[in-house]
Each structure stands twice: as C-alpha cells, then as structure tokens.
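So that you can tell them apart, the chains are marked A, B, C, D and E in the order they are listed, and the count of residues begins at 1 in each.
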Amino acid sequence: ACSNNSSKQSGTEKSVSLPATYNASGKATAAGNNSTLKIAEVNDAPFTGISSPTLASNAEDSDVFAPGGTQWGQINTLFNVGKNYKIINGGMANQKLDRKAKTATITLRKDARWSNGAKVTAKDVEYPYEIIGNKKTTSQQYSSDYAAIKGMAAYHAGKAKTISGITYPDGQNGRTVVIHFTKMSPAMQYEGNSFIWASVEPYEYFKNVPISKLASSPQVRKHPIFTGPYKLDKVVQGESTSWSPNKYFYGKQPQVKHITIQVVSSNNIVSAFSSKKYDFAAGGPDIVMPSSQYPKVKALKSYTVTGVPQMGYSYFGFNVGHMNTKTGLNVMDKNAKMSNKNLRKAMLYAVDMDAVSKKFGHGMTWRANTLIPPTFKNVYNAKAPGFKYNMKKAKSLLNKAGYKKQGKWRTDPNGKKLTIHFGGMSGSAATEAEYQYYMQQWRKAGLNVKMTTGKPMEMNSFYSTIQKPSQNKIDVWTGAWSTSSEPTPTQIYGVDAPYNMGHFVTKKNTQLLNSLNSNKAWNAKYRAQQFKKWQSYMNSQAAYGPEQFSMSWTPVNHRVKGYNVNADNNNFWSDLSLTAANPK
Amino acid sequence: MSLIEIRNLKVHYPIRGGFWNRVVDTVKAVDGVTFDIEAGETYGLVGESGSGKSTTAKAIIGLEKATSGTVTYEGKNVTKAENRRKIDYNRDVQMIFQDSLSSLNPRKRIEDIIAEPLRNFEHLSKDDEKLRVLQLLDIVGLGPDSLYKYPHQFSGGQRQRIGVARAVATHPRLIIADEPVSALDLSVQAQVLNFMKRIQREFGISYLFISHDLGVVRHMCNNIAIMNRGRIVETGTRDDIYDHPMHIYTKRLLA
Amino acid sequence: MWKTILRRILIMIPELFILSVLVFLLAKAMPGDPFTGSINPRLSPAQVHHLMELHGLYDPWYQQYWNWIVHLFHGDLGISYEYTEPVVDLIKQRGANTLWLALFTMILTYGIGLPLGIYAGRHEGKFQDTLVRIYTYVTMSIPFFVVLVIGIWIFGYTLNWFPTSGSISPQASGLGGSILSRLGHIILPGLLGALFGTVNIVQYLRSEVIDAKHSDYVRTARSKGVPMKDVYRHHIFRNSLLPIAAFAGYSITGLLGGSIFTEMVFSYPGMGLLFLNAINFRDYTVITALVLLYGFLNLLGTLLSDIALSIVDPRVRVE
Amino acid sequence: MNLHNYFLTKRGIELTNATTGQFLDIKDVSTAFKIDGVYYDAVSHVNLQVNHDEILAIVGESGCGKSTLATTIMGLHDPEETQISGEIDFEGTDLLKLDEKGYNQIRGAKIGMIFQDPLSALNPLKRIEDQIQEVMIYHTKMTEKQRHARVIELLNEVGIVDPERTAHQFPHQLSGGMRQRIIIAIAIACKPDLIIADEPTTALDVTIQAQILDVLRDIQKENHAGIILITHDLGVVAETADRVAVMYAGQIVEQGTAEQIFDNPKHPYTRSLLRSMPQRNNETDELYVISGMVPSLQKMPKQGDRFAPRIPWIPTSAHEVHPTMHDLGEGHLVRCTCYQNFYFPDQVNEKGATEHELN
Amino acid sequence: MKRDIQSATDISEADLQRLTNEAAQEATPSAAKIMWREFVADKPALVSLFLLVFFVLFVIIGSMFIDVPKMMETNIMGYYAKPFSVQYWLGADSGGRSIAKELIVGSRNSICIAIGLTVISSTFGICWGLVSGYFGGMVDLAMQRVYDFMMIIPMLMTIIVIVTVIPSYNAITLTLILSIFYWMGTSRLIRSRTLSESQKDYVAASKTSGTGNFKIIFREIMPNISSLIIVDTTLSFAENIGVETGLSFLGFGLPIGTPSLGTLIANANDPENITTYWWTWLPAALEIIIMCLAISYIGQVMRRTTNAAQRRGNDKK
C-alpha cells in the first residue's frame, strides 16, 4: 500500500534524500505484534496533556495522543486526505461542498464509534465549533474565518446560545450536519483550512463539564476517548501515554498490540536511539529531531532514517512599515530604513545559505527558494531561483541603489550613516553561529549590521519587540513559520495579518493573495498558478526572503514494518507491524 | 569630697521571652549599691561569683548602662555618657581586666596596645608616643624588646603588667581592677600585686579592687565592701571586716 | 516550646508576604506575556486580546496581585497558561515526583554520608581518612551537572542499567509494578544527587567526630572504664550525629534546589523542570506559585530543623 | 604567726590519723609528648606512693606536669603521641603493662578521676542518671533498679538536695558546684581505692570550693580510699592534704607530710612559693616574686637543677649536676642539695637563719 | 604628692632609636611571613599556590592578546574540528571557534566573575556580620530579619527570574545579581564570631580607652577574625567558580558571545556530545576541578596558619 515516494526536490541543492517510508525485511511476527511499539516524543519539557485537538495548542499533545487518530496530528479526524492534502471520501465522514447553497454537508459513516462504544453523532461534529467559539473557552483556535459560518459571530459574542448556521437534518443524534456559510472558499477543499473544523468532540462525554473547565477536566486529561484505531490505556501526566487497539474502530484494525509514546529530551534522544530504547520518533511530518544530530543517527546500524520535508520554512524578514492600530491594517513606510528593495535583495544574496545548510544542517536543511514549503507539491514553485549566494551581485546592487562606501561602511543613498539592526532568537549553539555568519557576510558586503541587543534575544523579548505595531529596534530578523496542511499565506503576509511583522503591503500582493481563495480558485490549476505567481512576486520584492527548508526526519528501527508518513496514507497506525519482540 | 561616689546604683538586665519577645523578667545584677572611693585608696569589692561585682565595675566606667542611681566623679554626675565625655572622665578612669589574654587584642603589638588610649586622648607625635610607651613599659618592668611582640608571647604575669601599663598611660585617677590576679599563678600574682602597689604609691592612683580571694584583698585594700546578690551587705575597713565580721554572709565567706 | 514555634510561624507570615510581592513583581517584569510567541496562524490578535482580558492581564499590577492573593487564600493558585490546568493540580503532580526524588536522595545522602563521615573522623589522619577526604574534595570540585550527564551516559545509556527519562515506565502496571518502576527511575538520579549531598555531611560530621573525640566528656567516659567502641557508640556518634540529623530540614531545601539540574538531565517531570518551562513560557501563575512554594518549604525546613534541634539537644530546649 | 598553724586550726585534728598500707607505688615514671616528631618529657622520673586513707596533694605552678601525671596513672594518653616509661604498681599490677581491656577494668572501678572543668566533663546530651549509671554498668552486676538506688544514694552522699529530680536533669541545668558533685559521684560510684582529683575546685567559687573539699574528705573517710589531690592552691592543700608533693617542671622537688612542707620547707621553690603568698602580717610589704619563667618543654635543660635559673644568686656549685632526692627523715624528701645553701636575696645577712625566720 | 608618670623613668631621646631597633629585631614574624612559612612546609599547597597564581596570570595576560569578537566569529570550516591540529590545538566547537582560545578568555571571564562575586558578597557579608554581631540588640534583631528573609528566598529560581527580567545582562550584571544571594553564609559566620569576639575584654578595653565603635569593629575585631575571613573567602571563591557554570548549563548564564567555563562545560549537556566532542567540554571541566582542588588546598594551609596549634612551619630548634 505504500508508494516509495522520495521527497527529492528540484530548484535548490538538497544533498540528502530520505525515504518517507520504511519496511523491515522479513515478516511481521506474533511476538513482535504482541510486544510494545516504543515511540519517542522529542521535547525538552513534559507535554501538556490536553488530548482534545480543539483545546490543545501545541504539537506535543497532538503527538502523544496521535494513535487516537488515523494519522499523525489527526486526532478524532473526520476526513481522509488524498494527495496535496485534499479531503477525500472514505474517512469517518464525507464532506460535500455546495457552492451555490453555500453549505458544507458532513455525513458520518454508520459504524463510527468512540472508543467507549458510544456512537459518533452529528452533535459531536458540531460541538468543536461551540468549544472554539465559546466566550470563555481556553481554546486558541478561533479566527475571523469562522465568522463565515452563519450565526457564529453572534455565538462568539455571547449573544446566542447556539450557532444558528449549523443544522442537523436528522437530529442531533443523527449522522448529518449541514453548515451554512456566508461565503465559500476553495480552501475548504483542503484539510487544515480555517473554515471547517476537521475533528469531532464527544459531546455526551463532555456535556457535564463547562467549556471553560474542559481543558483541565479528567475527561480530557486522564480518560479521554477517541475515534481512532487505538484507545488510551494510561497517561502518565507529562511523560507518556500507552495504547492498545480500539475494538470499536470503524476502519482497519491495527496489528501492533501495544504502543507507548514517551517524552525524551532533545539532548538525550540520540543516546536513546543508540541504546535502542525506541522504535522511532513521534510526529510524522512534524518531527522535531535536531538536524545537528543527523550524522550521529545516520551511523546507527539498526535504524534507517526516514523523512519528509517539513510543513514550514525559515525566512528573513525586513521591517518596512508599521501597523495602524486603529484600522488594524499594515502600512508600508516609504522612508523606512529597509524600504529599498535592492538593499534587501543585496542582503539576501550576500549570505551563502547553501554553505550554511551544508555545514549546520547536515543535509537536513537546504536553502529555501520561495515562501511556500516544497511539501505542497502542487502549489510550490520549484523553479524559483531564490537568492543563491552571489556577493558580487550583492555589492553591485548596493552600489546601484546608491549605498556608497564611506570609510568602513556604506551609507544610505542620502549619504547618511546606515546601521542595520539584526534580531534573532537565541537557540542552539548552531543557530547562534549562523547569526554570526550572517552578520559577517553582511559586513563583508559593506553594511554595518549589529545585533539588536548585542546578542541573540530570548524568545519572549524577541516577539514582544517585533510584534509591536511600530518598532525600530529590529530592521532585519530571521523567523520561522510553519503552515497547516492548507498553505494559504494570508495570515502572515496579508494586509491585516498580525504576523506580517515586517508590515509589507502592496496592492499587487493583496490582489494575489485574494486570488488564491477567490471563486476562480476552485479551479485547482488556476489556484496553483496564482500560488506560483505570488511566490515569484514575493521574491522580486524581497520584503521577506526565504532562508531554509528542512526535513522532518526520524530513524526507524529495523523491526518496524509499514512505516509511512506520506500525506495520503490514512492508515498510518493500522499499517504498522513489528518483526521482533524488541527493537533490533 | 570623695574621688568618686556611687549612689544607689542599679543595673537590671531584661530577660526577653514569651510570645512577643517581651521583657518577662529582669536580672537584678546590681540592685542598689552605694559606696565612696577616696583618692589614693584601694577599695575592695568582694563577693562570690555572680554577685554583681563586674557589673558594678562596668557600670561605673560606662561599659554598661546604669538602670538607675548616680555615679559622681569629683562632684560631677557622670552617669550619662555625654557628661562623661565633657569632663575627662573616660581618661581619668581606666580598667584592668581579669583575663589578661583576652583583654589584649591578640592581633596587635604591645606598642599599639599601650598607645591606644594615648592616641585617643592625647595627640602626640610619633616619637613622643613611642617614648611614652617605652617609659610605661619601663614602669611595669618590661624591656623595650616587648614593643613589637604580640600578647601571646608573654607570660600571664607579664601580660597583666601590660594591662596595667595601658591603664596608667593616660594618668588616670582611678583604676578599676576586676579580678586582676585571679587567673594567675601564685608567684606571678605576687608580681602583679607588687606593681599595682608601687604605681599607687608613686602616682597616687585609687583602685577599685575586685576579687574573691580574701588573702589578696586583705593584702591590697584599705576599705572593703562585701557584695551578695547585687547588694552590698557589709562595708568597713579591712580590720573591721576580717576581725569582726558582722553579716552572716561575710562570716560564711571568711569561714 | 509551642509558643516559640507559633511565634516563628507568625514571623514567617510577613516574610512570605514580602516574598510574594517580590516574586509577583519580578514575574510581571519579565519581557513578554504568556501569549507572545505562541504564533499560531489561527490565533488572531483579537483572540489574544480576549485571552489577556480574560486572565486580567491588563489590570494594574496591584489589582492583579490583589486578585492573586485573594485566590491564594482560597487555596487557588490560578490556572497555568501553558497547561490550562489549575496550578494546584499541576504542582500536586509534579511536586509528588520531586518529593519522591528528594526523599530518596536524602535517604541515600544520609545513608552514605553518615557512615563515611564517622569513619573518616574515627580514623582521622589515617589512610582511610585521606581517601574519604580526597573523595569529598574531588566531588566538591566537579560541577553537579557534569556528574549527572556523565552518570546518565554511563549507567543509563552505555550500560543500560537504569531508565533515562520520566518518572515511571509507561508499561508499568499494578500497584507493585508502578512502585518498582518509580523506584527504578529515581535510583540513578538519587544516587548521583547523594554523591553530592554527602560532601557537606561528611565534612561536617568528620570534624564533629574529631571534636567529640577530644572532648572532656569522652575523657570522663574513658575514665569510667568504658571500652573505646562503646565510647564511640554512646558518646561520640550520638553527640555528633544528632545536630546533623536535626539539620536535615535545611538539606531538603538544598535538594529541591539541586533538583532543577537532575530533572533537566533526566527529563524527570518534577517541579524544577516545571519551573524552567514556566520561565520560557512566561507562565506567571506557575512561576509565582513555585517560587512562593519553595520559599515556604525553605521556611518550613528551617523551622523543622530548629524544632528537631531543640528536641534533640537538651541545651537548646526551651522550657 | 605560724603559717601552718593558721591553716591547721581550720583542719582540726584529722591530720594526726596514721596512714595505713600503701597501694599505689609510682616508680620512676616519665611521660613524654611528641612535638614535631621529637619526644619531650612533661613528667620525668617521678616516684610517689599513696596509702589508704590518705590525701596526697600535688602542688606546683601551671604547666609543671600535674595533670600529665594524673592522666598517666589513668592511662588516658594517646599511645601514638606519648611515650611512658617506668612502673606504676597499683595493688600488685603494673598499670603501664596493661592493655586497653585490662585498664578498662581498673578505670572507674578501682581508680576514679575527677576533672577540673565540670561543664565540659559531662556529656551534654545525657541525663545525669545515665552518666552515673554508665560506670556501674561496666563494673558491677547490679540491676537497673539497684543502679538507680545507688545513683540516688550517691547523689545524697555528695550533698545534692533533691536527688530524684537532679538525676533526671541534664548537665546544663545544674550549677557548677552541682556538676562538680556529679563528677565526684561518678568517680566514687564503684568505691574505688584511689581517687584522682585534678584541680577539682579551681573553676568554682570560694564558698562552693570549701563544700566540695568537705565532700571529698567525707568520702575518703567512708571508703578508706587514697586521694591524689592536684591543685596549685596552697590554701586548699593546707586545708586538706596529709602529704604533699611539690612539682616543678615535671619533677618532684620536695615531698613530705603537710606539716613538713608548710612548717619546714626546704627546696628553694617551695620556699619561694610559700613566701609569695599574701599574708596578713606583712600587708604593707612587697610580696616575694620568683624571677624568670618556667622553660617550655622543648627548652628544658637536659641536666642540672631545673630551678637553678630562677635563683641566679645561688652559685652553680651549690647545685648537683644530676639532682637526686635526698631523704631528710620521716619521709621528707627534697631534690638537689642546693636547699642547704639557699637564702632569699633580701636576707643575705641571715643566711643560716632564714628558715626559722620564715616560719 | 602626685608625681608625673613621665618623670618616673629616664629614657633619653637618644636611646629611643637604639631601643626601637632592638625591639624590631626581636619582633615576631608578620602574619604574611607565617603564612609563607606554612606554604613552604606543605609542598602540595605550595605547588597549588604556584599553579593557581601562574594560571590566573597566564589567563589574564593571555586573554589580552586575543581579539574576543574575532575569536567568537563563526568559522564554518572549523565546525567541530578535532583537537591537536595546527589551527586548533584543542579543537573547535560547533561554531568553529578555537576551544583553546575560548578556554583562555572563558577562564578569565569565569575567574573575574568569581573574584567579583567573592569580593562583593564577602565584603558585604563581612560588614553585615560585623555590624550585626558587634552592636547586638535591636540592630542585630533587625539585621537578622533581613538575613532570615534572604534565606527563605529560593536562590536559583529567583536568580533565573531576575536574569530573564534584565533585558541585556553581561558578566557585570550577572556578578551583581549573584552577589545579592551569596553574602548570607559569610555574614552568618562572621556574625557569630563577632558576637563572641565582642564579649572579649579587649573590646571593653578599647572602649574604655576611648576608641570609637567603628574603629573597634574594623581595627580591633576584624583583624582578629581575619583568619576566618581569609579561609571563608578562599573557600567561597572556590565555590563561586562553579556558580556561573551551573547557570550557564541551565541556559541562564552568560550569553553565547561571552565565553566562560560554564558555557564551555555546557557543551556536555548531551550524552552523545560527551564522547563525540569531548574536547569541547573536558578541558574546561578539568580546569575547574584542578582549580577548586588547588584552592581547597590553599584554604587548608591558610586555616592552619590561623590555628597556631596546627602549624607545621614552626621554626624547629
């Protein structure tokens, strides 16, 4: 069932190509399947322990409760996913979009049940919206897109008790839910969109707990129930979860009888693998194995490293404007220090990301060429050249733009002294070495670049500085952005996007972004084309410069059969089997 | 007029305790003591341990605050610290301590120890000061080689003599000697007592001599007071006390 | 005696109060807030604003402090922003882990330290004594965490004798199984911690024993014809052990402090790790609660030590 | 006035009691301490005897080796730091040849010791009763009950008013005098034949001093024990002792009955010592002062009279090269021949008559 | 009747010089001399002392010749270079920075922090203890309350919080922050000694000689507890060297651009790095161990100097 589809990309030089799947040689054995599959969750802190995908706000939680869903990161998920994360039929529910009526109809399959045996009902499909939109909720999922559901705004404001736009044609306990929208978006066809919530919550099981207290209730923390192939046996708060097959699961019964997922700190993970304590790391497409460990892990004899490109990228941001706090819209400043396109481009050309990636990334990172991660094959612009290292070009760009050298450093076109402040979050020794390298390169190009506080900034200070509506402390920074499985970039580059921290706004940009989810975009080809256009445009403006892409990777032990983290594998857990009773 | 008159002197130490660390009780270390010391005489204060002898001495010299009562020196009230400072009381009244080792700062050379009161009360040039120190050492029978030595390099008797030298450095009128020889061996004790007597003869100094050794007190003192539990139970001349003890406590002490 | 204890406790209150204000202000002064940095494409600024308001984070500090302290008196330490769980529950969970570890470490520390100190003191100046002292000097000179990292590498990974993360194995089942598993998880960190904790005890005890050995009451005992081994047993050991045992209260606080390192290296989900995490996420409620709790434990430790000492030593006993 | 008579009047008639069998014979005992790896004699070639029913006082300046001698008899020295030679014959056994075990049977049972500082000599953490009982546990077969009874009896004996209460108290709750009584009680608990009292009264008050000495005397009378009383207080000696040994710099310089020593002192040191006491009839005079200091252990001359440097006006020829004890009859022994030619510098003209003069 | 004391003796001015000279010759050796003698008598301590002095000098002088910003520059080519090469004697770290150079500069930083911390906290602790112990009474009571309060503050946690609060901190601020929490031990020790020292008669003697309180505290009492101060300072110095390393390990020590022994040892935060990149942390760890051992040894000798009974370096006759 698994296609051996490697994630080799074109456009940039990527030195290592990893398989997304692993299949142990030999047959799965009874002893193996009756033993415990040991999965490591790489994280330096204990996990929070919120099993509900609606309430959880971090990846660790969705990792350790993953066997409760069909795929990594898809707990209690409604839909199956095909190529390019498009929603397809065959999952717990099917979805039908009616563009004319502006409705989405979700129909549950008959045998969908919770792991306690209860039926999954239409109310369970609706309940997440109540949780998300509730005034006192602890969920962090509510966004303006939900206002597209009729009645949601009123409910969110506390004016209505129910969401009028969600109806049950065959009753609350039935199998059908119809959601009425004020507008329809092509993004709705893809998993991870911000209009249709893709998982269920057990209303019957939760109904006695007020929504504000739900996150700390035992129903969520200690004895949660799931719809996926496994049921939770035990959760040791912050440390581990253990699982066994869920006999009520509607789909293919899993073969491995026990699974444990345990938190391991990133410092210890390599040692843990070398002493064969785990079969693979948790997270599927979102594993956070540090790339610096790759060479050591690669050397392990009884493991094979697998990986897929991450749904994310890192970028250079330039501060070119501010946010108008009244309108909530970003505004570009013509006279901003970084408003010169050529200056920005020169800075991007001056750093040799290929070399950096090679040395620090060990092939697990590579130079990014656009602002869409390559994992979205249909919309990713593989042909974009990006900013390949070219110091000559950098210098000539600067010269052309009037940044002349006066003494040691270049001045701005008006002959004024130019000092550029670079901000970066503190991290591993490697990240900070990278910062040093960037600064060196920029200085080589003649730009006087200094670190904002003289050193990498602590994460909180960094964000509180950069998220201010208007700031002049950081002129250029590096940041990282991870996308959901629906990559529309409006949230970060849109005119009203709070995370558009460089405040880059142009008519063309707004137009391109809008076109991604316009009516025309129901045509996939058109949508892909617009995506690519947007990517080229962004590179031409260089207000945000792509920095690096990276792999999500993990070693997989040689006793594991059927490991496949490709997006279209909707049977991740059920396909797994083991050939031996202990990690080899 | 006597040199110094002590009238109804009381020193009470508060005992703190109880819930709020309040004063729950007082130790009446000295509880109404009255006596006079004439110029040039040696006044003996005798009593068993804890009877308040040292406390009396400290209250007179100002190391301990008197709870009530007065100390009059040459007709002037010196019970309060500021009054003492006004007239040269602190300079005129000096003290010799029981434990010769602990009363000499072990980290200071003899020169600095003896010069200390000089430096505070008289401002002499370096050479004058040294000369004075040497003279003082000479008086108590110590050679100039002692100048740079430290206290622990002397025998007990020598140390006590250094204490005497320090006490007489500022030409005091009264020296309070709190058990100056109790810690000394018999033969050494003789040395110190001899010196004290000699200095008295030569400079007309008065002593308040505290001891529990009756033999020594009799050897030294003209007038004697017997203390018991913070009070003076009997006073008199030496012969009165030794030959006709009146108070029962005195009798027991002499027994 | 009871009065003294009560008074001590009353004195504690203003101290704790000052500490709470201090901690609260410090926590608030940290740059950022619980919601910076949680860059979630779905979390809109409006929602952040909503959450900040919900948690009263826009109120002036004294107002926030007041709310906090009022809740505190109701046994409510607030809700962790990061864990969206009452801090009390969180601390109960993690505290139990830290407590087990600390207790175990303490038992080991005393179990190793006492005999070693006595042994060294008894054989003062001899070969055995020199060995023990070399041990104390060397241990004192190595940073604690280096020992931890080396320890986990040798015994946890290379030799594979001990588990290397967590407080209990996920497979552990049944009461007996889980107790055994918990024990298994604290043996190595406990031992390494004890290796360190002993140093002070050994040094202190050694000099106590040496002092006692030359004391007058030991001479008196010997003049009674008591054999040397009995003199050790009835006089020297007892007299030098008691003050140390009484100081155990203080050492708890030391252990709790050291637990941050242990928990970090062993990914042991205790209060130390919780604290580090809370710092990174600006989880104010957790930070303030933990610092206050540790302060309270420090107080308790000193109080316990004082009480123990006054019970053990008749000279200190207040009548 | 006769000094001895002055003290005698206080002592009454006990002095005349005849002494009986000798049971402790110290023969040529030397004790040396190791200082920087070299042994120096703190006590050198001491010969002493103690009889039943007798109080032998050892007097001498501080540091002359009194305590060292006492601890040598008790066998309390650290064998690695000290070197002991000679023979201590105690009721037929040579104590110096005993091993630790043998010694433990004698300590506490046959020999009891009273130490100077009553606070530090008691274990601060143990009740009085336990500390007294301890000695009985090792030397008697008494039951717990019997031991308790004996404790009460002992406390009564040493003059403690409320024995039951005191038995339950801790040392710090008692006054110095009471503590010293406890130590005495411990020392006499097993009715030892010999009691060594090392300055039992120095730390105490005059009034309490007398009481303690009374207790000691009573005990002795009752048990017929021999007592070695170590002190540097001549008053105490005159009040209590039957015989007196005067020590100077580790050696015994004179030895005799109390009468002999006080009435007819021979050795220059003894005479100087007696003369430096303040006396009633010469209060205006200067007290006599012994010039010089006792040399430290390391600087002790190997030969010659150790007191010679302190009486420089006596010619060297008057001293012996290796001073020995000379018997003057009736057990009165004196070291060196120099006593024959000794005079005080201020009494030159009456050289021959000085002795009478003093008395 | 009353004669002047001055006339009681007849020493001429002329004799003064001679007498002074004579006396000076008889004088006892100074404390420094005694200490030196002690060191000579104890060879391992002497070696420790030389080692330490040499090392501190080497590090301080050596670091003057190193261009720190340049040294801290990333050199991608030198990523985890193995030791014993011409360019990297002791190898390089993840940024391709020379461990040897980092070690020198880092040692200097760590030693300076330790010295600064020791000087500040000890000075403060000593003054606090002296004043509190000398005056006693209400002064002492109030000062003890402050002490009690400082003792209940969970030190490590509070330091971590403060470090995160302070926006840009460096070696100096770090030293100051640490100093806030490291004076209590010293103050307690000094206070208890001062309490007992104040009871001694020489203090009373000074008072009756008319010497002022603060002069008594600092000129009379302090010299007498100087041995305690020296020993305590020496030992806290040894302890303080390790303080920064612990914080650096937790990630709250010095920023990366400022190398220190702590940041170097923190390379050992990963069991794999311990073996694979041993050169990044081992030299720093060894250095700390050796330094602490040396200081302990020196401290011991100093303690001995202060206790005449234990002295070994007595002039033997």
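As a convention for this text, a contact is a pair of C-beta atoms (placed from the backbone, for glycine too) under 8 Å apart; a residue touches a chain by one contact, two chains touch by 3 or more.
Everything numeric in this text was worked out from a predicted model, so none of it was measured.
Colleague: How short can a path of touching chains from chain B to chain D be, counted in steps?
Modeller: Each step joins two touching chains, and the minimum needed here is 1.
Colleague: Which chain's C-alpha centroid is most distant from that of chain A?
Modeller: D
Colleague: In whole angstrom, how far does the Cα centroid of chain B sit from the Cα centroid of chain C?
Modeller: Distance between chain centres: 54 Å.
Colleague: Based only on mean CA positions, could you tell me how far chain D sits from chain E in angstrom?
Modeller: Taking the average C-alpha coordinate of chain D and of chain E, the gap between them is 51 Å.
Colleague: Would you mind listing the residues of chain A that make contact with two or more other chains?
Modeller: 267-268, 271, 274, 458, 460-461
Colleague: Name, in rising order, each residue of chain B that touches chain E in their complex.
Modeller: For this pair, the touching residues of chain B are 40, 58, 61-63, 90-91, 93-95, 97-99, 102-109, 116-117, 120-121, 127, 130-132, 134-136, 138-139, 144-150, 152-153, 163, 166, 168, 171, 202-204.
Colleague: Name, in rising order, each residue of chain D that touches chain B in their complex.
Modeller: 61-62, 205-208, 210, 232, 234-235, 272-273, 276-280, 283, 286-290, 293
Colleague: Sort out for me which residues of chain E touch chain A in the complex.
Modeller: Those residues of chain E that touch chain A are 72-74, 76, 79, 93-96, 164, 167-168, 255-257, 267, 269-272, 276.
Colleague: Sort out for me which residues of chain C touch chain A in the complex.
Modeller: Result: residues 30-33, 36-47, 51, 54, 79, 82-86, 89, 93-94, 152-153, 156-158, 160, 164-171, 264-265, 267, 269, 273-274, 276-277, 280, 282 of chain C touch chain A.
Colleague: Contact residues on chain D for chain C in the complex?
Modeller: Chain D reaches chain C through residues 74, 76, 100-101, 103-109, 112-113, 115, 117, 120-125, 131, 134-135, 138-139, 170, 172-173, 183, 186-187.
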